[in-house]
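Chains here go by letter, A, B and C, matching the order in which they are written, and residues are numbered from 1 within each.
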C-alpha cells in the first residue's frame, strides 16, 4: 500500500532546494565552456528609422574585442514567425532599444566597452508611442484564440442605457515589466555541427524548435538546457532575442558565447505588459443583479507583432448578466513589443471589473461580498457552458470569515489611527484551466527506483517535486524512489511553464506514462526486471487539448486591508488574504508559495509598479530596478493563502487547476477598493502612489 | 567602462596630489555611485584613486563639543554611532532612510555628498542632458519629470540631488571640510551643493584636486529636538519623492531655534530660510507652521507632472514640526 | 595609452581559502567570483546595486559585490553563499536550513543574496545597529530587537520577484528564536 507521505497534496520539500540555498544550482549564464567569449548588445537609440551606417572600427580596435555583429555581417537566418527574433537581419529600427549590433569579446569588460564604442547612424523617422483610447489606428483584432476580439451577447449597450442603476468608469493600468531576478541569458556552443544552448527560458522545447527553424538545422542537432531558471513571469515564455544572438555569435566566432542581457535593456526586448485603458459599464437592477456588462479595452502593440492584452476576457467568465459586450482594441505604435506578464489579460482586466463592481456596491449600499454572491452564475455567461466546478461563492464566504469581514464598518473613513486612515476591500479572482499536449517517459529499474523524463521547466514553481509526486502517486511508490529529469530539450517534448498550465500538461503525460508503467509492472509481477529496466511513454496530444463541454476555470477571492497616510499619501498594505478554488492542490507547500508570490506581484501592481513612455524619445523612463519599483520586503505584510479543495472530474488525471497566476488577479482591485473604503477616494489609475492619493484626498472625492 | 589606472592613496596629501595631477581621475570611496556610473559610461576616469584606506574613518568629539565625521566613515557606521544617535538623531534617521543595508555598509560620508542625480536622462548616454553633456539640452523638462525639482531649477536642468544624509546635514548647520592645493577650507553643508543655473554640470563647490576630508557637526545643534521624514514610492529602498529634516527648539511656547531642510525638491538640499525666519520667536502652532512652510514653498515652480511635491513637502514639514513641538523625539 | 588594459594581481581570501586572481581593473568582485573563480552562488540581477542578488560578506559585512571593484579589495576576506557553514563548520548555516524549512524561495535566483544579507543583518542587529523602523529613543549600544518589521526593513535591499518575502521573514525569525 502506498505511503501517504507521497500522496498528491503533501507538502513535499523542493528537490532542488539544497542546491539553491548553497549556490550550487547553476543558471544559464553560469556555465562557462572552455574558451568561452562574452557578448554585449548594442540597442537602437532612436524610436523609428533605418540604420544608415555602423562604424565598428573603434570597437574592433579595443583589446579583447573579437567581433562586432550587425545586419551588415550577421548570418542570414530563416525568417521566424516571431518578428522580435529577427535580430541583426536588416536595417529597420522598429522601436528604441531594438538590438542593432552585438560585440563579442574575450571578457565581459571588453565586451561592454566594445558595445559602448560602436557608432550607429540612423535615418530617423517620426514616431508615435502614445497610447490613447481614441487613437485613429485602433482596431479590433481577429478573435483567433477565442480570447481576443469582440464578444457580444444580447443588446449590451441598449440594456445598459435602460438599466435602473449604472456604473460607467474608465480605469488605467500603466506599462508593467516582468523583471524576473535572473536577466535573460544564454550560453551557446557549436560543436561537431551541433548547437548546445543553456538558456533562461520557460520552455526549452519551443526554444529548440525555433532555433532549429531559424538556423535551418534538424532538431536532433540542437540541445537547449534550462535546468534552473530565475523566474520568468511570461517574459521567458517564448524564445527572446538573447538566445538567437548568442547562438549567432557562437557560430560566427567559433567560440562558446555567453550573453546576459543588461537589466536596463530588458524593458525594450523581452516584452512588457501593455498599458490598458479600460471602460467598464455595469447596468444593474436596484438589488444589484447585473443586466448588462460592457468592458472595452484599448491596449498597444508594436509595429512588428500583434499582441493583445486580453483584459476583457475574464469578464466573459465572471458574473451572470443577460447582456454583455467585451471588446479589445489594439493600437500599433513605435513601441517595444508587449508580451505576456503574469495573468496577461486577467490581471489588468479584473482590476477594472472588480473596481467597477465595488463602485456598484458603494452606489447601491450593498456589501461588496454580497453583491458578488448575487451575481454568481452556474453557467459561463459567454459560452453558456456549465462550469466544471466553480466555487467562487465559497471562496468569498470563506475569505470573509477568515478576514473578519463581518466586523467591517462599511462607512468610509470609519477607522483612523492618527493621520492614517484604515480600510478594507475585496475582489474576486479567476483564471482559466489550460493544458497542452506533452510527452513523458517513465522507467522502473531492478533496484526499485524509477525515473521520469519530461522536458518540463522549473521556473520556481517546484515542478520537479510535484512531478515526482504525480509519478509516485500513479506508481504507488514512495516519492523518494522517483528520479525526475527535466530542463533539457533532449528529454521528451513538453510545453512551456506558462498559462498556469505546466503542471497540468506535464503531469498529465507523466501520470499517463506512469500508469502504463505500473500496468506493465503488474503484468510482470514477481519477475526480475532486466538491468536496463522497463519503460513506458505517453503523449497526450489529442487528450490534453481536447475540447471540453465544460467551462473550466479556477476562482478565488482577495481581501486586503490598507493604511493610508493622509500626510504623505503613502499607502501600505497591512493584511492580504486569498482563498482559492483551484482543483486539487498537488503540493501544499509549493502551492502556498506560488499563491503568496502572485499576491505580492499584485500588491506591486497596486502600489508601486509603473513604467512611463517618454513621448519624445520613445523609451520607457523606468528601466532599472531603482526606478521600476518592484515591492521590497518592507512593502509586504504577512500574506495568507488558503484554498478550498475541489473534486472536479473534468480536468486532468490529477484533478488540478493552474495556480501560478490567479493570485495576481484581482489583488490590485482589492487594494484599490480598500483605499476607497479607508478614504472615500476612488482612484481609477494604477499604481496608487502618493501623488495620486494626495490629489485624490485634496479633491475630497 | 574604459580601463583605468588604480592608485591606492595612503595619505590625504598623496590622494589630492594624485587627483590634481590627473584631470580625468576620480576618488573611489564606497564606489556605490562611481562604479554604477562607470558601467553606464557616464563617468570614464582614466585613474581611480582609492581613498578608502585613508585615516578618515572615525567619528570623534572635538574639544568645543562639535563632532567630526571622517569622510570615509561608512553610512551604516555613522547612523549607528552613539554620538550621532544621541545628539543628531535626524542624521541617523536620514541615513537609515536611504539606500539599503548593503549600500550603507559600503557608501562613505564623502561619497554620499558627491553622489550624482538619479535623473534617467543623466544616466543614459543616448539622451540629451546638460549636466552630463553641457549644451545637449534637457530631456526631462518636457519629458518624464515626476521625480524632478520644483525649487531652484533652471532652464538648463531640473535634476534633484538624491542624498538623504545631505538634507540632515543642511538642517544641522554642518560644515563640509575640504583639503586641496589651496589648503583646508570648510563650506556650509547647506551651500556645498549648487543650484544648476547655467552650469548644471557642476554639482558642488568642490574644485578638482580637492578632497572631502570630513564633516563637522556643530555643537550648536547637538541635542536639539530633530527628526527626518521621507515620502517615497515604496516602503524602503527608494529615493525620496520629498523629504524634510527639521531641528526645532521650543521654550515657553516660543520657537527659539528652527532649521528646516527639504530633500527631493531641488538640485541641492533646500534650506527653508524664509520659513525659519518667519517661525523664529513665534508660537509653535500648527497654523504658524503651515503659514511659514507655505511662504517657503510659494516660490516653487512645479513642472507638468510634479506639482504634487509642493503639498507633499508642506504636509511632511508641518507634520514633523508639529510632532517635534509636541515631543522632542518627534515620535 | 588609449587602449591599454590595466590588470593587477589581487590577493584575497574567499570562503577561507587564499586566492590570487589577476583582475582587469574594470572587473567587479562579482564578476571575478563568477567568471574567474567559478563561484556562481552570488548572482547578477541588476549589476547596479539595485537588487541585492550579488550580496556577499566582505570582512563580515554584507555588501553588493556588483559595485565593488575587485582591484580595490586586496587582502579582503570574502564569504559567499558557498562558504556559509554551521557553527561547527560541518553542515549548512542555520539561515540556509531555515530557508529550506520555510520554503523561503521559488526560482532561487535571489536566494544566495537573501541568505548572505540575512547573515549580515543578524550581525548588524547583534552589534546594535538601528534601522529606519527602530523607534527613536531605543537604547543605544544593546543588540537590536528584530521584530517582523525590523527584519523586513533590514532585508529590503534584497528584491525577490517570486514574492517569497513572507516566508523569508519567517525563516529569519526561526533563526533568531
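Definition applied: a residue touches a chain if its C-beta (ideal position, glycine included) is under 8 Å from a C-beta of that chain, and two chains touch if they have at least 3 such contacts.
Keep in mind that what you see is a predicted model, and the values were worked out from it rather than measured.
Participant: Looking only at C-beta pairs in contact, point me to the busier pair out of A-B and A-C.
Facilitator: A-C
Participant: Which chain's centre, taken as the mean of its Cα atoms, is farthest from the centre of chain B?
Facilitator: With centres defined by C-alpha atoms, farthest from chain B sits A.
Participant: Could you give the separation in Å between the centres of chain A and chain C, each centre being the mean of its C-alpha atoms?
Facilitator: Distance between chain centres, rounded to whole Å: 29 Å.
Participant: For chain A and chain B, what's the span in angstrom between their mean Cα positions?
Facilitator: Whole-Å distance between the two chain centres: 40.
Participant: Which positions in chain C touch two or more other chains at once?
Facilitator: Expected reply: 4-5, 24, 26, 47-48, 152-153, 155-158.
Participant: Quick check: what residues of chain B touch more than one other chain, meaning two or more?
Facilitator: Residues 1-3, 39, 235-237 of chain B each touch two or more of the other chains.
Participant: Quick check on chain A: which residues sit in contact with 2+ other chains?
Facilitator: Touching at least two other chains: 109, 113, 626, 631-634.
Participant: Provide the residue numbers of chain B that touch chain C in the complex, in ascending order.
Facilitator: 1-6, 8, 28, 30-32, 35-36, 38-39, 48, 50, 52, 76, 79-80, 82, 85-86, 89, 92-93, 96-97, 99-103, 105-106, 227, 235-237, 329-331
Participant: In the complex, go through chain C and note every residue touching chain A.
Facilitator: Residues 3-5, 24, 26-27, 31, 34-35, 38-48, 50-51, 53, 80-82, 84, 92, 96, 99-100, 103, 105-112, 115, 133, 148-149, 151-153, 155-169.
Participant: In their complex, what parts of chain A are in touch with chain B?
Facilitator: So the residues of chain A touching chain B come out as 45, 109, 112-113, 116, 419, 567-570, 572, 607-608, 612, 614-617, 619, 621-623, 626-627, 629, 631-635, 687, 689-691, 694-695, 698.
Participant: Across the complex, what residues on chain B touch chain A?
Facilitator: 1-3, 39, 41, 118, 120, 124-127, 139, 142-144, 146, 229, 231-239, 241, 306, 308, 311-312, 315-316, 319
Participant: Provide the residue numbers of chain C that touch chain B in the complex, in ascending order.
Facilitator: Residue list for chain C touching chain B: 4-6, 8, 24-26, 28, 47-49, 52, 55, 61-64, 67-69, 71-72, 74, 117, 120-121, 124, 127-132, 134-137, 140-141, 152-158.
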